[in-house]
Amino acid sequence: MSNKTLFLQGNAVCVEAALYAGLDFFAGYPITPSTEIAELLSLKLPRKGGKFIQMEDEIASMCAIIGASLTGLKSMTATSGPGFSLKQEAIGYAVMTEIPCVIVNVQRGGPSTGLPTSPSQGDVMQARWGTHGDHSIITLTASNHQDVFAMTVEAFNLAETYRTPVILLFDEVIGHMREKLQMPDPEDIPLVERLWTSVKEGTDFHPYLPREDGRLPMSDFGGIHRYNVTGLIHDMWGFPSNKPDVAHGLMHHLVDKIENRVHEITRYKEFFLDDAECILISYGSAARSALHVVESRRARGEALGLLELQTLWPFPAEVVRKRCAHAKYLLVVELNMGQILQEVKKAVMDPEKVFLSNKIDGTFITPTDIRNVLRLIQGKGV
Amino acid sequence: MAIRDYIRERFMPHIWCPGCGHGIVMNNLIRAVENLELRKRDIVMVSGIGCSARISGYLDFHTLHTLHGRALAFATGVKMARPELRILVPMGDGDATAIGGNHFIHAARRNIDLTAVIMNNRIYGMTGGQYSPLSGRGKAATTAPLGNIDQAFDIADLAMSAGASFVARTTTYHAVSMIKILEKAIMHKGFSVVEILTQCPTYFGRKNRLGSAVDMMKAYKTGTTPVGSEAKKEDPELIERGIFVEEDRPEYCTEYENIIKKAMGVH
Amino acid sequence: MARTRIIFSGSGGQGVITASIILAEAAALHEGQNAVQAQSYGPEARGGATRADVILSDEEIRFPKVTQPNILICLTQEAYNKFSWIIRPGGLLLTDSHFVIQERKVDARQVEMGMYKAVMQEIGRPIVFNICMLGTLIGLTRLVRPESIMEVLEERVPGDFLDMNRQALELGLSVASSSA
């Protein structure tokens, strides 16, 4: 770590981290509460020779970053709920065509226009299932600026490793809040660069032929190999196919390359879990309030712990099951009506011990909100 | 090179119906590229969804077959990232002006160096003959069984008012002059639009009793006239063809290079 | 040091949010404290009620919002009416006598200062009212040293305006000391 300390909004931290990770291209459309990301990059990207474009709409922004990424540039867009909805078809295209890219969603209250300037974590399931059809997706989140930095860099690394779109789910609280960031030095965090094919010019090249390990060495679009990219089910040449074995093989490749590597993709933090009788499970900004409660209760000798999820998708079910097996009860803390709650219930052996503390009115969940639910669970009344 | 050297035989047979005009357009696109002596590896073809969009797969360029209506948005990303590549965007009339209408007018407004080739057959062919923004009033379609009440766009007018710096119209009947127009459009620095009237005998022709593919092509001969001709004054119903606009205007990617220089000079 | 929770409130254009950022940045970058700053956003670009929260602490700050401030600054009557009742008992309520009449007693040290009047008399430019207010605030509370505020201003303020800002900060400090 360098001595360089910055005091920034979360959105600005995301920008610093994206540039650190090697961002070359950004396309976006103004939307609260993510707009600062576009504003900052409109100056910072051309300063390093990168490209910024404000497109005519959210859909176009998503399409443009896919086009740019295909030529070899690390690419990103940023949006919030309504824009995230609009991008979904193109996110599916990036999944199908295995084009790495990063989509930042600084969540606000929804559905529809909802509460544009208020925090929410209502897009967790949309991140998972927003685009149509069976697929897998990687989604990360963070609760403080140091982690916003780390997870943003991680998003680029995972996108390149697995050639897939990666979604960063932040929220209004994290995006707009200012706190310290200890700026990492170059090379403090390893960066994953794109895997290029070693096939020489003139030799038959199969753009969609994965290696044994599932990784896909491709050639940059516009380079020495000409190939076809399509959102249709395609064979190893990238040619459309409706053969059942081709469809079966591609679907499994796209899903397995992520679902079979959950342990490699999972990032989480734990606080006082070993002897915890009650474990709070939280993520993103809500995990700040959860940690506040856990730390203050620990100071009073109560056996509370926190499992903070940073990878939301693929859901780290095994971590949840194993790390929480000994707890008497689990309390999921989130800013929605129980989207991760359901995943936790599916993951554990006894779902009846899982409870929810949430907030959906546009205000941020407070330690008092969480304590009130804890008292109810403990039979102490509110 | 021979024409077949540009074609991916693995993709054949193509999906187009007998009599479809899209093959003529594909043939002439190849001839234009051949005449211009462009290298295949310098050409990117980006298309959306529809019968016309399938051209990209059939040709041995870098080909990106994308989402319905979004070809120009994907193409903008490719062009921004690699301005030295030549980008051809074959589109259908529904693809370009209905679902992709917003991207179309904004690509024109930016004057980004892409070549949009719009195959206007006035119908959605792939889905089976629904009316498009180019069908026009009174025409029949599977979604206009009682007659279409939608007004039609004029693609050339639309492109011009949105800011395209090269705008032309031709037809599949005028195959020879189409090659020259495509050559000029490809070489033009800026957003170029070539509208090509092309027959869909299967749906638009059949629904509207326009006869065979040959009949429909003959109608392009009799129903059109060179831009600025006397004939148009006598018969305003005639559709003008030729080059409407060909102007040098600041091109988006070139302008962005200046932004980069500016940004690098400022600290 | 105990945790200090501060709410700055007023109307858009008074520089309330900027002042909150400068204070938090001074504490975080120049005094080794932890600081979190957050603001409530309304759709209005100008006018409308504005609120910014700052928490300063030697320890990690988890919950980033202020529910009960130790220090509450109200720069409009509307902000005073809205927020004065949430102050933590024993806290500090600072208002500007040009904009706010403190109509009732709260369980806090209530300070009414002529910061706006002083700025208009001595400098004549309302744009530095927020910096004068910061000067008064740190004069009353010693939350951070004036030098730390100046270091932040040197980073943020264009050279031509730096002297005016320094003058406003010192003016604010003197307003605070005159009340002691």
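For reference, chains read A, B and C in written order, and residue numbers begin at 1 within each chain.
To be clear about the criterion, contacts are C-beta pairs under 8 Å (C-beta built on N, C-alpha and C of every residue); 3 or more make two chains touch, one makes a residue touch a chain.
Not measured: the values here are computed from a predicted model.
Shared contact partners of chain A and chain B do not exist in this assembly. When chain centres are taken as C-alpha averages, the shortest distance to the whole-protein C-alpha average belongs to A. Seen from the Cα centre of chain C, the chain whose own Cα centre is farthest off is B. Across all inter-chain contacts, the pair with the most C-beta pairs is A-B.
Inter-chain centre distance (chain A to chain B, centres taken as mean C-alpha positions): 38 Å.
Centre to centre, using the average C-alpha position, chain A and chain C are separated by 36 Å. Averaging C-alpha coordinates per chain places the centre of chain B 60 Å away from that of chain C. The touching residues of chain B, counted against chain A in their complex, run 8, 10-11, 40-42, 44, 46, 56-57, 60-67, 70, 73-82, 85, 102-103, 106, 256, 259-260, 262-264, 266-267.
On chain C, the positions that touch chain A within their shared complex are 21, 24-25, 28-29, 34-43, 61-65, 67. Against chain C, the residues of chain A that register as touching in their complex are 5, 7, 32-33, 116-117, 173, 176-180, 285, 288-289, 291-292, 295, 364, 366-368. Of all residues in chain A, only 24-25, 27, 43, 46-47, 49, 51, 53, 55-57, 59-61, 63-73, 75, 89-90, 93, 221-224, 226-232, 237, 239-240 touch chain B in the complex they form.
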